[in-house]
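Across the two complexes that follow, subunit A remains constant while its partner is subunit B and subsequently subunit C.
== the complex of A and B ==
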């Protein structure tokens, strides 16, 4: 691999991200599966980087899951999105940041659609007024929340307590970066690094001391793929995709996986258990799986957050093996304790994977 | 006397042939070449399809025939002004020429392979272009080519590709790929060679024979389908994904070398020079001619002519014939002007 060649491409795909004052919208899936990631994102940006991130409880889903499952038409999705933009306008913001990759793809698609077909924007404005009596303006900047962490990755590195370095060997950790398909595959110019060699997560890994693994199925879907999983009969496709990725990355012996999409960390994490159950195969060291993280979790880890406050106890694949490699302290007895030491209950552990 | 002066821009096969013919007709020909050597892309190629003759066998006589032509290498046209019946051409070496006619034989640029990011040129070491392979054939030296056992050729890289903005067929890549597939089998007889093609456009005389030779003599495999992406495994071999459209199946192969058959774009330097006198490129990027059927040599400007790949992808015989045709058209134009 010629690193300089990648750098050249990364240079071609840069985008402007404003320095401050953002309107933040959460992700339906992430609030359910990785609620601590969004909490960590807001804590890092507001309290460590001292940026203005505004959010309102009045925002809704973007409608992406329903749209990509063919449950609702594009007209409806555009009206939902216009309502989100109307809230942004109402609170005096013009920089829109979403936590979800599906949403980011959908916002990008909608803005491009309105750009190409202004009559659809007019029709959406009419629909929004009829349904909600609201008016909207398009955001001046649209960013995914991983873009924000990418932008401030070096500031995070400056405040970091740990590096993505194996404390036993002194070598950089080998990190697989998995980018959500809707981040830049549809509109390469809208993502840092483009579609083929995205840099948004690779940049974080490099800034925090790790080494990016470039493996053949790097571009492949995590396995979610909406109808691959949402339609129960199709779930064989879903796990086949995930299996293909793990088989491809296995020879590189990755220490961890970092993702920026709601579905990817879930499927890459949970399907490892299913593959172990079905095939008796694990991809980490000594019967372990490969720990999978959101980028906020990794940012939180290097900045010294308590792993259990980051929600790592919700992962299928145990993360302790990685915490030990980095040298991050943790209290095993607190793993399943919630707020105010509330006992969350210890889950049943599978015997096929650690 | 200015009436005898003709400027030919571009010292590739079209420019060389036109210059030689015009000189033979008695004109003062000024041949302007931006590089330090004459020959254009031909000068970098090893052997030529379909017979496999050495490029020097063609190029050396072309250059030899321009003896007597005033040739400037390492020289660019910095300005062109239209006067009443002449063109005032200022060169980067400080010389100014008053010419009755100007011939744009500015040729083509090879499609930049790195634009097809998914193929990994400039990212993965074992991905090379057709031009790189010709240099290897000439020099037998390229650190990327070390006893490859499995070699792939990708046709139509930057040709017939809406995504890259190049809808046109580059015309010569199919025959070049088949030729190179045979040649690489000669160098590495144990290698397995696969060509990924969209359509095989073996339209010229003896081209079909070359295609049959590739299959029968060299055992080259032809797979009808485009490559979708290229990656690299832990052993630095290439993992190539493609579609076999004849068996309607996706396929994944591990290769030691992948050769991208880059197509043709109009020369960016040629476009820059042509813009000095308001010559326009067509939708496909090549220069717009006065008439696509009978006037492909003529531009929309009186006294300005085209020859070669500046007006679209062409084979070498076509290019050389067009250089000759341009000489005749320029001669006719000047004679008509005199008689007016």
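== the complex of A and C ==
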């Protein structure tokens, strides 16, 4: 699709994001899979952009993984979410920001359900009072944390030390942007740019100097799909999905992938190893894979954070090839050193992918 | 199956850039009615051979459009040329003649 057409679609799908004072809730799996992403997000927003982000240790999971795996019913999920909203009310906030795409989809779904069926909201309030003796109010604004980075992308670009430009060729890096399915596929009006051509990550890439790769399977799922992965017998579906995406993007020779979902970077990163083991095929240059990042990690990189402080050593696909392209300095000897030079241990390296 | 306990399935992707369009153009020149097909499937529902073979003119035409003549042959090799589909086609395509033309154009062996 031509760029002008996309711009028209993007104009139709805009939402309001408040400037300051947010209640922030973390994801239950991101801190394990990409441990520094949420920390970096809070550091950038609080200390570089000087925004008020409040978080409490009392919040829980949204129940999304159990809900999408058919383990708990929607009524239970609505009560869990009502409790999170009660905490937001308790601490005096109105703007709710979540770190997880599945949570964002679930919060949106719950708010829409309550809008369509007010009796379910009353029932949820009753359940919450019976179980926790808490009362809740709905948030005035609901946003995903990638919406916040998107909103402040130009401020980040102003403070950036590096651009998404290949220092050897002077060309913009070719970046694949992958949006989590629950961001706007269920409710297109709730995401920047709608469902077909979401702009939330494309906007960041453009602001930071990169070039978005438009490939045929751009909107295809990463392959997580909850039950498709969680049930071992179904994992062939999961990896086949990812394989289809990589086969589709391969001819465009992308330099990197940016995602805004907890599951997507994990699966796009780890399945590259599994595909290489199964088929002996790699999608990057000279036997390397394509490095996969969260948007917080990329924001951190362009702002000059130490790559190892961003947790890039936890990636399956080595990121050094991209750091070299951008010209970001790093100390290879510090890759597997933790806080105060604590030795994290060197993992076993696969033979099939560099 | 491999050490992971699951395996990759090939994606059902059809790359039209790699399809041989020349043969299909030849077929259109010979039998322009092929473009009239709207894939309704009436030909298959009236087919005498469909109960004991894999016959499907509808699927064969779609396969040719997608550049997959080998697949089209599998759908047509059981055809007995009885002509019942010709009588039922709502677009008035002479399907019997079309099948013969496909065999001629693509050098299928009966």
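Quick note on the criterion: the second predicted complex is superposed on the first by the 353 of 354 C-alpha atoms of A that agree within 3 Å, B and C clash if a C-alpha of one lies under 4 Å from a C-alpha of the other, contacts with A are read in each partner's own complex, and residues count from 1 in each chain.
Convention: a residue touches a chain if its C-beta (ideal position, glycine included) is under 8 Å from a C-beta of that chain, and two chains touch if they have at least 3 such contacts.
Since we're looking at a predicted model, the values are computed, not measured.
Steric overlap between subunit B and subunit C is present once the structures are superposed on subunit A.
In the superposed model, A:231 lies in contact with neither subunit B nor subunit C. By the touch criterion defined above, A:71 reaches neither subunit B nor subunit C. With both structures placed on the common chain, the touch criterion links A:344 to neither subunit B nor subunit C.
Legend: residue contacts after superposition of the two complexes on their common chain; A:132 is shown touching neither subunit B nor subunit C.
Among the options 217-225, 271-279, 289-297 or 307-315, the segment of subunit B that ends up inside subunit C in the superposed model is 217-225. Looking at subunit A, you'll find no residue that touches subunit B in one structure and subunit C in the other.
Residues of subunit A that touch subunit C in their complex: 232-237, 239-240, 243-244, 247-248, 274-275, 277-279.
Those residues of subunit A that touch subunit B in the complex are listed here as 1-2, 5-6, 8-9, 194-197, 214-219, 251-252. The touching residues of subunit C, when paired with subunit A in their complex, are 2-11, 13. Put simply, subunit B touches subunit A in their complex at residues 114, 117-118, 122-125, 229, 231-234, 236, 239.
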